[in-house]
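Before we start, here is the structure in question, set down as structure tokens.
Going in written order, the chains are labelled A, B, C, D and E, and every chain counts its residues from 1.
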Amino acid sequence: MMKDIAIKAGYTLISLFVITNYGLLLGGTMARVRAKVQGRIGQPVWQPYIDIIKNNVLRTGISHGVMFYLGPVFRLAGGLGTYLFIPAVYGSLVFANFAFSGDLLLVMYFIFFGQLGMALGAGQSGHPYSPIGVARGLAQMSAFEVPFALSVIAIAAQYQTLSVTEFVALQQGGILNWIVFTNPLATIAAMISFLGMSMGNPFSIVIAPQEIPIGPPTEMQSSFLGMLQTNRAIFNGAKLVLFMNLYFGGATSVLSMVVKTFLIYLYTVIVGASFPRFRADQSIRFFLGIPTLIGIAAVVVQMI
Amino acid sequence: MITQLLIILGAALILVGFWGVLTRKHIVKIIISFSILDTGIHLIMVGIGYIKDGSAPIIDQEMPVSRLAGNVVDPIPSALVLTAIVIGVAVTALMLSYAVQLYTFYKTVSIEQIKELKW
Amino acid sequence: MVSPLYILGIGLGIAFLLPLFEKLGKKIPRIITLITLMVFTLIAVSWVVMISGAVDKFPVIFNTIGFKAPFAISLQVGLIEALVLVMINTAALLSGLFLSLRKDSHWEGKQIVLFLTLVIGVNGLVLTRDLFNLFVFLEIVSISMYALIASNDEKHAYEAGFKYLIAGSIASAFYLIGVIYLYRFTGTLFIDQIVAMDLAALQATHPGLVFAIALIMLGLLIELKPFPSNGWAIDAYEASDPAVSAMISAVGASGVVFAFYKISSLFPPEMAEIVVASGAVTFVFSQLVGLRQKRVRRMLGYSSVGQIGIIVMIIGLQRILKIDDAQMIMSSAIILLGNHIFSKAGLFWLSDIFDQEQLRRVRRRPLMIVLFGVFLGSLAGLPPFPAFWAKWRMITVLAESDKLFLIIIILLGSLFEAGYLFRWFTTLLRDESDPGDIHEEQIPEDIPVSSSQTGVVSSTRALAALAENAGSVVEELPVLSVEDPTAAEKRNPVVLAVVAISSVIVIAAGVLLGAEFLRASNELLLLIPVAVLTAGILFDLLHLPHRIHLILAMAGISFYSYRILMGLDGIYLVFGILFLTGSLIQMISLYVKKSLHFGLIPMITALILSLGNLLISTTRLGFFFSWEMMTVLSSLLILRGRKASGAGLRYLLFSLGGAYSMLIGLMLYPDFSLLLQGVRDVSTPPVLAVFLISIGAMVKMGSLGLHIWLPGAYAEAENEISSLLSSVVSKAGLFLLFVTSSLYLIPLLPSGNIPVSVLLGWIGAFTALAGAFFALFQEDIKYTLAYSSMGQVGYMLLAFSLMTHLGWVTSLYMAVTHLLFKALLFLAVAGVLYRTKTRMMYQMGGLIKRMPISFITVLLSIIALSGVPPLTGFGGKWLLYTALIEKGWYLQAGVAMFASAIAFLYLFRLIHVIFLGQLKDEHRAMKEAPIGFLIPQVVGMIVIMLFSMYPSLLIGPLQRAVTPFFSESIIWEGYTVFSTLGYWNGNAVMYVTIGVFIFPLAWLLLMQRKHTRMVEQFNIVFAAERPDRPETTHFGYNFFAHYRRALGMYLTPWATRWWTGVVTLTDSLGGTMRRIYTGNGQTYAFQIILYGTVLLLLLRGGF
Amino acid sequence: MKKDEMNEQIAQIDKAMRLGNEGLSDDQKAYFCDQRPERIDPYHGILERFANWARAESLWILGFGTGCGAIELRPLMTSRYDMYRYGIQPRPTPRQAGVFVIGGYASVKTMKRIVRSYEQMQGPKFVLGLGSCTINGGMYWDSYNTINRLDHYIPVDIYIAGCMPRPEALLAGFNRLKEMIKAGQCDGMNSYAENFDWYKKNQKQIIKHWNMPDYNW
Amino acid sequence: MIKRIIIIITLIGLSFVLLPLFLNMEDAERLSELSQTYVTEGAEELGTANLVTAVVVSYRGLDTLGEVAVLFAATAGVTLLLGTKKKGGSVTDLLEERRGGSELLNTGAALLFPVLLLFGAYIFVHGHLTPGGGFQGGVVIASAFVLLLFIESDREFSHSVLHSLEALSGAAYVLIGLIGLWFAAGFLDPRFLPSGEIGRLLSAGAIPLIYSLIGIKVGSELIGVVDSLRRRS
């Protein structure tokens, strides 16, 4: 029993280590990609590491209270948890994580865990811009949840399961088994909401850097900020893995995971680099418009 | 025949009474109309009590007890009409008192101007 | 046995002698009259006692002169006569007492004489069996009334009296003509003899016979004030001295009603039908017109007319129905009559006391409130008052004879009546600061908001015209802004005692009747709430200390719960725990209150017990009784709120409407009692019944479209009560759905296989969404919570309507967990409100440092409520979506997911705006909430954590409760629950969450161990400036402004507008209707004649 | 008894560590933290060197243009100069920034903001004086409304002379700053804490309406 | 005008409906069973010559008691309405001044007054023998007093006398009724006194007594009514 737990803990650490580094490098790479799009050289690929280290070794820090202190913890816990409830690589013991604790619904709702904690931490800072950012973020979130939820319902209806592992298993055996091909409507809806989820342009109003200086984390600094940056990498990785699992056949090896998630992320970066920013109400209306209709169409297709 | 006559007469008086109640504006005229109405009713009552060729149900030399049956009118309607008349008088008295009071308060005898209570 | 002739003889003798007695002393006539009335009452009581000992020996006929009946006038005493006389004479005695005891009483001389002749006349009306003698007594009664109206020496009294005279004269003319012709046709005036004749055969020889009877009927009917020819009567009620109005309404009208009953045995069936129609029309339209009325006495007049109308209707009905039914329904008429006599008299008296004391409000006068409540409740037919039982019996009989339309008429009229009566009540109860309606959304002066941004979803805006009217009901009474000390001098407790006797009679009669009705089904236990309420109110009146009372009450409820829960199982047990245990824990918070809160504990206790009674009732009557008790008590509790008059009224009306709708449904589907016992598929119910029952349930649950009572009621009630209502009482609707579940499987449309439950499911889904959306834009915290409850209950409805094992487990699971979260939230918020004294969220802020425990409670509950893992709320969401997808309700699942995302938004706002952000100056010295609030919170949190760690603790029993109905759909493997779609291991999730939480926390503690400085609230970067005021730095107002900009236009309060429209329409209909009351006596005369003509024409079958 | 004495001592020390915040009215004092800034010792040895490397390679500028020179900061973000490749990037809030670029002359008006922003940055923090004005007032040296020597008010790590200095000069300045950081020469944060009273006195001479706490945490 | 037409239509409708009552009402050929009994046995049972009186006072005695009560209540009502302490003020000041009676009237009235009193008393005392009775007699007596008022409109009648007469006669009537209940067959049974020989003044049991009491009562009540109306005007 103890041995099992120890092995599981070991596997978890490996899995987390891989996803953290992958997430950070992915972030750095994508910054490079963005720079290339803009005709620059851009920051070093490892710049995220340096930033995190720097933030963690700052000498001072300020705290606005317990929730402020715990906010980043919640956030990171949310990121880690989300990742840990998703099987990252199909068939791999190491990367199976804690997928046995719950299915897709758990993952979808666990995303809120971190967001709530962060929002609370930001709230306690007492800075008015933090809640403004949070309000925008939450509003946008509630809007992009709709097409995503519909998409998930559609594929759950299609495959009669909610287990992520099961989804991946059902998509094995050829590229045409991927949900992106078996259920393109659901995939489109989900991929549009993924843009919102990754909060890049055009859905970056949450952190509008000058209007409400960076939004929720306005008051975050030092280790708090470092933790948020770490989470960003992990959480990003988790989301990518989730979408990969749901729509793009999952991964049977770390390599295929890297390739697939890279491509998915690239898609958001390219979209982000090409579009200006929506206002909060505009993005709400956007998500509740066409993407939702696509989602409904995906569901309706399953009903008939 | 007499019954029919009395009833028609009574009905006519009733209608006249109703007509007066419904169209006269003057309170006292309305009260008089009620009296006419009452009279009509009483006539009908008396008419209904009539028995062909009957006389008053009073025993005297001409009408000994043995002859009573079949030769006198019905005493019951007579009794009833007696009561009805008295009641009519009582109501009329009360109405008149009301008329007096209404006049002192409203300074009018027109029923159309006494309508402060409504809805 | 005392001869009834003594009543008439001695009574008249004393009446004749009264003027002489007056010469002996001013007060002597009063005393003698009162003694006489008491003797009358005692005689009547002695009859009742004798008759109930030997029913079969009665009725007894008493002859005058010494000749047998047709030859001399005779009187009859039977049970019904004796009962009616007991009621009438008691009411007369009380009236006499009232008249002589009230302040500045001028009851003397001719008034007493006329009072006595009136009573004697009514006694004669009841007793006599001779048609012409009836006329004489009718005239005694009428003339006494004509004259008594004038005893109020005002011009309006004379006007009214004269109109009354005109109408009465026409009526007696009709009657007299009828009598004489009847004599002509039958040769007798003795009613029994005429009844014994073969009237149909007689009709053949005398074609006028039916018209003779019709004229008699008409004469009496007009005296009974049928709509629309009753303006004169209402004028009289309004203008005369209230005590006289009480006599006219209670005593006079009752006598005539009885006379009408007596001659009703002459009616041929078609005439009886006309009478039924006339009564029904009178009942409904009088109440409708009453809705618009603002002058209290006139309003009571409309009510009287309506009440008499329903009795007239019954009198007509008993001629039509089968003999057994006729007796049943007649008994309900007698009950209604008694109910009317005592309550209406009581109300007239109270209105007089109001005038005397120049009162406007009764909020600080507990006894007055109780009296008002009793009388209004009994008039409106609320349980446990006699009228409730009477109406129940009536409706049962009507349902058995398939007279659905009449049932609807009765209930509609009752609803109208409850509407205006309780509008009056709420106005009286209203606090000085209460604007009548729910108050408007407040816009802070320091935050500029363009007008287009506010009010879009303010459901408080367009609210019902009812509440609007509530503001003006008593404006015409003397204005006395605050009850000033001189008012105390004007008080006259002796008079109140007289009124109180009347109310005691009503209550006692109600309880006795209840016992009678419930004994049949062995459900006497259901009367416990009434007993508890009465005892509790008495305790309160005697100033029993609050806390002792509370402890007593809680001990009582615990004992009751123990007894009840032992006998329950399955779903019943789940709801039992929900209702009883849930409430009991919340009652702890009442401990915070120190001083006496009049009526609070009795009503809460009774409410909880009524909820419990829902579970153990086995018949329709028992269930409906408990349901109504619950409704009434909860609306009374809401009314305790300082600004709750509008909300309470709306709640009451909606609940009553729902209850009535449910009642009709139950009547349409007599197998209900079997449903309650868990037997399914008894017979196919009519679709209408299904709809009506579900409407009853959905009103209680505040489903979309029927929800507009909800926000105000939950928000404006006192905090503890809001908590109880939203977390416990709203589940009563769910309970109703569960016990009637098999109904919802029938097809929605005659052809087709879509069951009704699909419709319910959609309603549930959209309720969830709408509730969340409405909650999103509220500034008032209690409104937020109220709408939140609405949304959550919507989920339960959705899950219930799935009609699958998983769906039901979900629904129950959500019911239990919602009880926990919502109770915690409301309690925590109650603590906050208790300290901050404001309900506007943006006026709070930064309270986390002042109220950390409350913060933790709110945090836990919002995590749970929004369904975020690892807490137990996620279980509900997981079950819900799994169940929905399993069933194939994909779009509903989408709606539910959207709703849950929105819920997350308002919940965050709730916690943020209250507890985070900037602390306001005025809250700087604030303390944590009182311990009484905290104890239930801590208990609740422990339970939440327990269920989160071990979901099987909760799901397991629920699963077992549902298993008898459906086959199992989820299985357990260790801590993991498997559905056909997915799985969830609450235990593992908890551990993983703790793990991933501890890891960064340790990291942070390690890295930040150095110089992390705790700073104060203004130590924020503020574009290189410093914040000026906490108010301007706290982002709380119009928090989701962008959401409003994006979707606000879809949030138009359609439901509110619709219901406002309904109310306005009804109101203006009433307004138009009452235009017929022109005030012109001549027009009234014309109306009477026209009415008579029309009735006669109808009888003739047209021209 | 002993415990009381100890408590008293602690209270006294605590009081000494607190600032007067005389600029604030009594009811406003509770809004602000009144702690005095303290000197915080660096790590030792390789740890500090590693930390300094990281600090140098990740320079986050406070994007607060205090003067006309700020215009020269913008080109650094463009493709032509691309400061990102040096690990330099702008941050919108002082909480997250490490480098404060004083963009030219500091007027009396902006001085207050500069002080506030500087104090709100987390240490170690660096100040880069841009243009001659920050050194001696430049062409505004005798203006009634500008201050002449920036380092009388906050510790400055490096000046870039010129009016205005070109972006290339800025880049050079940044690179020089990096080197200095790596060498552990930039400890303005501690010197500000150590000479806090002196700096405060100077600041208050300039800023007459001092409506904020003495140290803006 | 429209109003009148509607009224006419309504009244026509009413009479139309009630035509079966008004038309084809032939004279009855014989008495109803009930009246037949009254007529054939009334005289024997009660000893009254006037059978209407038999019906009024005994067979339907309760009606008569009620009738007395009606009149009594009406009198009380009139007194209540037109009593002295009223808010509305007097009508007198609104009317033109009244003149006194003419010489002819004065003399005639003075002559007639005692005759009328006597006549009234005669009528009610002989109620059981001849047409007429208590009510008629009472009215005649009252008319005598009305005549007095014609002469002298300010004449005061003693209210206490009127009230006492009214009250005592009423009470005595009821007492007689009760005596009937106690000592004879039933309430208002006049047969506790010997019925005597038909046609004699002292016959028909207590009927003459009852009628006398009624006469006194009605007379004093009507005087009271007229007096009240006069006082207000």
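Before moving on, here are some points about what is shown:
Please note the rule applied: a contact is a pair of C-beta atoms (placed from the backbone, for glycine too) under 8 Å apart; a residue touches a chain by one contact, two chains touch by 3 or more.
Predicted model only: the values in this text are computed from it and were never measured.
The chains that touch both chain A and chain B are C. The fewest steps needed to get from chain A to chain C, moving only between touching chains, is 1. Among the chains in view, C has its Cα centre nearest the centre of the complete protein Cα set.
More C-beta pairs in contact connect the chains of B-E than those of the other pair, out of B-E and C-D.
Averaging C-alpha coordinates per chain places the centre of chain A 36 Å away from that of chain D. Rounded to a whole number, the gap between the C-alpha centres of chain C and chain E is 54 angstrom. Chain B and chain D have Cα centroids separated by 114 Å. Between the Cα centres of chain D and chain E there is a gap of 118 Å. Multi-chain contact residues of chain B (touching two or more other chains): 18, 22, 48, 76, 80, 83, 87, 90-91, 94, 98, 101, 105. Shared interface positions of chain C, i.e. residues touching 2 or more other chains, are given as 132, 136, 139, 143, 146-147, 150, 155, 158, 177, 181, 183-184, 1010-1011, 1013-1015, 1017-1019, 1021, 1086, 1089.
The set of chain A residues that touch two or more partner chains comprises 59-62, 213, 218-219, 222. Chain pairs that touch one another, listed by label: A-C, A-D, B-C, B-E, C-D, C-E. Put simply, chain A touches chain D in their complex at residues 31, 35, 38-44, 47, 50-51, 53-54, 57-62, 209-210, 213-214, 217-222, 225.
Per the touch definition, chain B reaches chain C in the complex via residues 14, 17-18, 21-22, 25, 27, 30, 34, 37-38, 41, 44-45, 48, 76-77, 80, 83-84, 87, 90-91, 94-95, 98-99, 101-102, 105-106, 111-112, 114-119. The residues of chain B lying in touch with chain E in their complex are 1-4, 7-8, 11, 15, 18-19, 22-23, 47-48, 50-52, 56-60, 65, 68-70, 72, 74-76, 78-80, 82-83, 85-87, 89-91, 93-94, 96-98, 100-101, 103-105, 107. Per the touch definition, chain C reaches chain A in the complex via residues 846, 848-849, 859, 862-863, 866-870, 874, 877-878, 881-882, 885, 888, 890-891, 893-894, 897-898, 901-902, 904-905, 908-909, 911-913, 916-918, 976, 980-985, 988-989, 992-993, 996-997, 999-1001, 1003-1004, 1007-1008, 1010-1015, 1017-1023, 1033-1036, 1039-1040, 1042-1043, 1045-1047. Listing the residues of chain A that touch chain C in their complex gives 56, 59-67, 69-70, 72-74, 76-77, 80-81, 84-85, 98, 100-106, 109-110, 112-113, 116, 119-120, 123-129, 131-132, 134-136, 138-139, 141-143, 145-146, 149-150, 153-154, 156-157, 160-163, 213, 218-219, 222-224, 226-227, 279-282, 284-285, 288, 295-296, 299-300, 302-303.
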